[in-house]
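In the two complexes below, chain A is the common chain; its partner is chain B in one and chain C in the other.
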Partner chain A sequence: MFTELNSILNASPDSFTQGEFILVSDRQSDASFLIHHFLSFYLRARCRVCFLGLVQSFCHYNAVGQRLGVSLTQAKEKGQLIFLEGLKESLSILIPHENNTEHQAMNFLRDPAVGLRSLYEFVRSGLTGSGSSEEGAEEWGPPVLLVDDLSVLLSLGVGTGAVLDFSHYCRATACSQLQGNMVMLVRCNGDEEEDGDEGSEWLLKGLSHQCSLALHVQGLPTGYCKDIHGQVEVCWRMRQGDGQHTQKKLFQYKVHDKGASFFARGTSSAVL
Partner chain B sequence: MLTELLQGIEAGGFLVIQDSCSYSGRHLLKSFINAALNRAEVVHVLGFDVSEEELKDGLRTSDTQRLHIHSAYTDPLGWTERPAFTVHQFRLEDLTDLVKQTPHPKPATLIIDSLSWILRHVTPPAVCKTLHQLRKGGAVRAVIGLLHADMHQRGTVGSVCHLATSLIAVAPGAKGDEAVAKITKRSKFRKVMQDEEIFSLNGDFTVTIHSKRSNPEQNWNDAEEEQVDPTAELTFNLRLSDSELEAKKKLMLPFVFSKEKLATLSQPAFLK
Partner chain C sequence: MAAPLSSVSKTSAERLPFNTTSFQKKTRSKLISIPGTRPSVQNGQLLVSTGVTSLDYLLGGGLAVGTVLLIEEDRYDSYSRMILKYFLAEGVVCQHELFVAAAQDNPDDIIQELPAPILDDVAIHKPVEQPRLPCEPPDNLDAMNIAWRYQNLPKVQSALASSSRFGHYYDVSKTMEPEIRQAAKFHRFYLPEHLAQPSTTHSPMLESYSALLKSLQEVIHKEGFDLAAPMSKSRNILRVGLHSLGSTLWGDDLSCHDNPKHRHALTTFLYGLRALMRSSLSVAVVTVPSHLIQDRALMGSITRLCDNAIALESFKGSERETNPLYKDYHGLLHVHQVPHLNCLASQLPDHKDLAFKLKRKQFSIERLHLPPDLSETVSRVSRGELAGATSACGSGTSGTKHLDF
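Let's turn to the complex of A and B:
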């Protein structure tokens, strides 16, 4: 959890806006440090977290989590964290074993045309906590869905429209019905103008229409720098009441071993 | 012209509010809903994009007799067992049934939030057909739809917009809460009026017009007729004046054998 980012977003584990859909995107850069931030943030906030880790193994997320001061293993044991390890699950779908009674969340791998309904069913049961209501179990806060990352689904052959349907249903359940939060990562390669990868560009636009807060990470326009790793554009959408529609702020960041620092443009300690 | 449209759309009218992810047109759509409620019209809202609560936020919900929200947000594809309205029900018969569920002497205004959701699942010709039938059918007085233009191919946006009697394309303005609306209005006699206005929305979704563009009313047909003179800025003359023509005639070009030249060349001294 990065305290500087918390102050930018005006949130803390004790008090944060509920019902938000946070879209994290990156272009020719890596925004996965923000996924680790939100994972540790919501675990500290004692939320019930459903994490779709489609890119890395559980060990990876656990190792990074430990650096940020949370233990994913413990959270999983306590029932706070529901973790879908995409890499393992996909293997069990592709190489089925007789004694394999795993859930069918990754069924779309067999036929991507069927859509992501089974994955949504997994998310819904994870968020509502059905099937794990043991007596004496700890009570958790509002449910949170984290996805790392949605673009992988496109690579696996799922259509952009199907991914947008999936995110719509997740938002309806997590943000509107259960008043929890949702964080999704989308990756875009190539330049915006070039139309390098049409699918992920379309996905990003579709999700931008759905989200309430967007964090867009990109490299520095001036090229590589040792002390500034890139810039992140924070965009608040649909702020109600004050008549303001979108508010944008741009920050530069540097990722450290156990955190990240955010600063206004041109105010890096290496420059000043 | 925006104020004019807010004051009322003619019967059988179809208004499209076209937006992109940089500026949401939903707030302007809410202005139109409030304006219709103020005129004591019956309004039916078909909501796909946002939840009923979010849609109701800022609306004059005291008019429960005249404001009917049909939320297709929670289950637009019928993934759960009891969908209220699915996207595949976007047909004249189902929509007429929906509107007639609450009988009212006056025909209603139908608000669609958004057409983009429908266009992702129903083919553009089918959507256009339904919209056309709705306009002509008489079950609804007018239709107002939100369209996220950046989520569709240009042809799809074009075909829907072509059907509209009025089109408002919104984009972010230069200042914080200001926005630019490009308005195209087609009258019954197919006269096309265009206008560009800078506006801002207040907390109660009333619209404040700040300025109009210098050439506010321009007729498209006139624009087509007004042809630019291609010979206006040529760096050479296309025709010669009389004196120039005379000078040109007098000019003796090389390798043209005049009588004198021929006589000189045929002298014995040359022939040797």
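Let's turn to the complex of A and C:
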């Protein structure tokens, strides 16, 4: 959890707006540090968290979580965290064996054309907590869905339409029905002008339209710098009475060992 | 690596005392358990050397076990192939196991072409010899008796290098001696030997890639590299070298069409490869002929599914070969991605203008800089001004060109 980002977003684990869809995207940079921020944030806020870790192993998230002061293993044991380790589950489908008990959630790998229905079923059961009625179970706050990252689904052959459908269903369940939050990461490559990767561009546009808060991480337009890792554009989309208005702020950031610092453009301690 | 270091079992290899001095550095024997590995200074990851010292430095000390290094091939695949061979040769010297897969050349040929380690530089693991740690100073005449602290310092300063030695040097002009080569355990996958049978699934993966993934998983399970498997008496590292993935010989059409039919075959394979690597004590180097793949966006998603990504751009056959600017180098090296593994901040390189050159004994990556212009015809008009400016900067005074004495 980065306290500087919390003050920018005007949120704290004790008080945050519910029903938000936060979109995290990056271009020529790496925004995964924000996913770690939101994971530790919502675990501290005592939310029930459903995490789809599609690109890294559980060990990785756990190791980073420990640096940020949360224990994923404990959260998992207590039932606060429902974790899907995409890499582990995918192996049994990619390398078929006779006698294996496989997870249904990654079924789309077998035939990407069928869509992400099984993954959505996993999310829904995780968010509603169907199996938590046993005695002595702790009560958790509003449910939160985190996805790292959505664009890897495109690399695995799922169509853009299917991914947008999936995110829409998730939003309907998590944000509207259960009044929880949702954070999704989308990674794009190339420049905006270049008409290279149509799939992930469509995905980014579609999700930017749906989201209530967008964090766009980019590399510096002036090129590589060791002390400033990039810039993040925070974009609030608020619906107020007569329509929608957006508010934008731009920050530069640097990721440290145990956090990240955000500062206004040109005010890095390296250049002042 | 996917698992914390403590889960790696200890080997019975014991540290031999230094024979030059009674002083011994205290080491945590729990961490140093597999020969040819060392924990990262940054985040405690278990690292192995790529066989190229300056590349190790660039990647933050070495390749983390459990990761995949993507090398985008240069135009004639000569230098990328060289790095792959260095990586495998380092595995032979460190007695790691190897897994080599290729569609073009027979993996046996690749193994036979491995460069020879430089013998007086390092203690080689001869099969008859007692196993030694690579960091032990060899007891030859070069061993320093007085200033022994400086023995392991690198001799060349211009190339990128860290202060401590890790990995070995190789002589490219000679091939490795057969007895060293045969001591290494070696698994091979040669695509033409695995005749593809038509599959019935709708999986986006090609048969060639599924067969490769399957054979790799079998090796990992059988030889006990799996982290989930019960601890065997000694653990070892599996080095996986995959040559020219995505080329047409693998049955892939990424490089033939604008809209390839198997667009997601390679990315799906890399996803599976990452899953395998993360759950085992292995490390992979993958080369991809990226200059044949027109679609940059596709190349971007391939890069993101690997952990490290570097691209080689050789001057061979291009006009840059004769350009005096580049006369000291053989090509440019681009770092496209550095891993974020078990940590928030990744180790970023200091600068991104890098070039490589291949000397007889060393493949080295250096900071690209302009050569001094020594030709007769160069105009020397501004020489005095320049000298004044540099001296002003050097003495720390304000940058005025007119100095009054």
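By definition in this document, the second predicted complex is superposed on the first by the 258 of 272 C-alpha atoms of A that agree within 3 Å, B and C clash if a C-alpha of one lies under 4 Å from a C-alpha of the other, contacts with A are read in each partner's own complex, and residues count from 1 in each chain.
Here is the rule we go by: contacts are C-beta pairs under 8 Å (C-beta built on N, C-alpha and C of every residue); 3 or more make two chains touch, one makes a residue touch a chain.
Just so it is clear, the structure is predicted and the values come from calculations on it, not from any experiment.
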item: Superposition on chain A - do chain B and chain C clash or fit; value: fit
item: Chain B versus chain C as contact partner of A:His168, first or second or both or neither; value: first
item: Touched partner set for A:Gly141, first chain B, second chain C, both or neither; value: neither
item: Which of chain B and chain C A:Ser90 touches, first, second, both or neither; value: second
item: Angular separation of chain B and chain C about chain A, which is computed from CA centres of the superposed model and rounded to the nearest 10 °; value: 110
item: Residue contacts with chain A in the superposition, chain B compared against chain C; value: C
item: Which superposed partner A:Ser208 touches (first chain B, second chain C, both, neither); value: first
item: First, second, both or neither for A:Thr246, with chain B first and chain C second; value: first
item: Nearest-approach distance, in Å, of chain C Cα atoms to those of chain B in the combined model; value: 18
item: Common interface residues of chain A - those touching chain B in one complex and chain C in the other; value: none
item: Chain A partner contacts - residues on chain B that touch it in the complex; value: 21-24, 26-27, 49, 51, 53-54, 57-58, 73-77, 79, 116, 120-121, 148, 150-151, 172, 176-177, 179, 200-203
item: Touching residues on chain A, where the partner in the complex is chain C; value: 30, 32-33, 36, 56-57, 59-60, 63-64, 67-68, 87-88, 90-91, 93-96, 109-113, 151-152, 154-157, 187, 189-190, 194, 196-200, 224, 226, 229, 255-260
item: For the chain A and chain B complex, residues of the former touching the latter; value: 117, 120, 161, 164-165, 168-169, 172, 176-177, 202, 205-206, 208-210, 237-238, 240-247
item: In the complex with chain A, residue positions of chain C that touch it; value: 2-4, 43, 201-205, 210, 213-214, 217, 263-264, 267-268, 271-272, 274-276, 278-279, 295-298, 300-301, 303-305, 340-346, 348-352
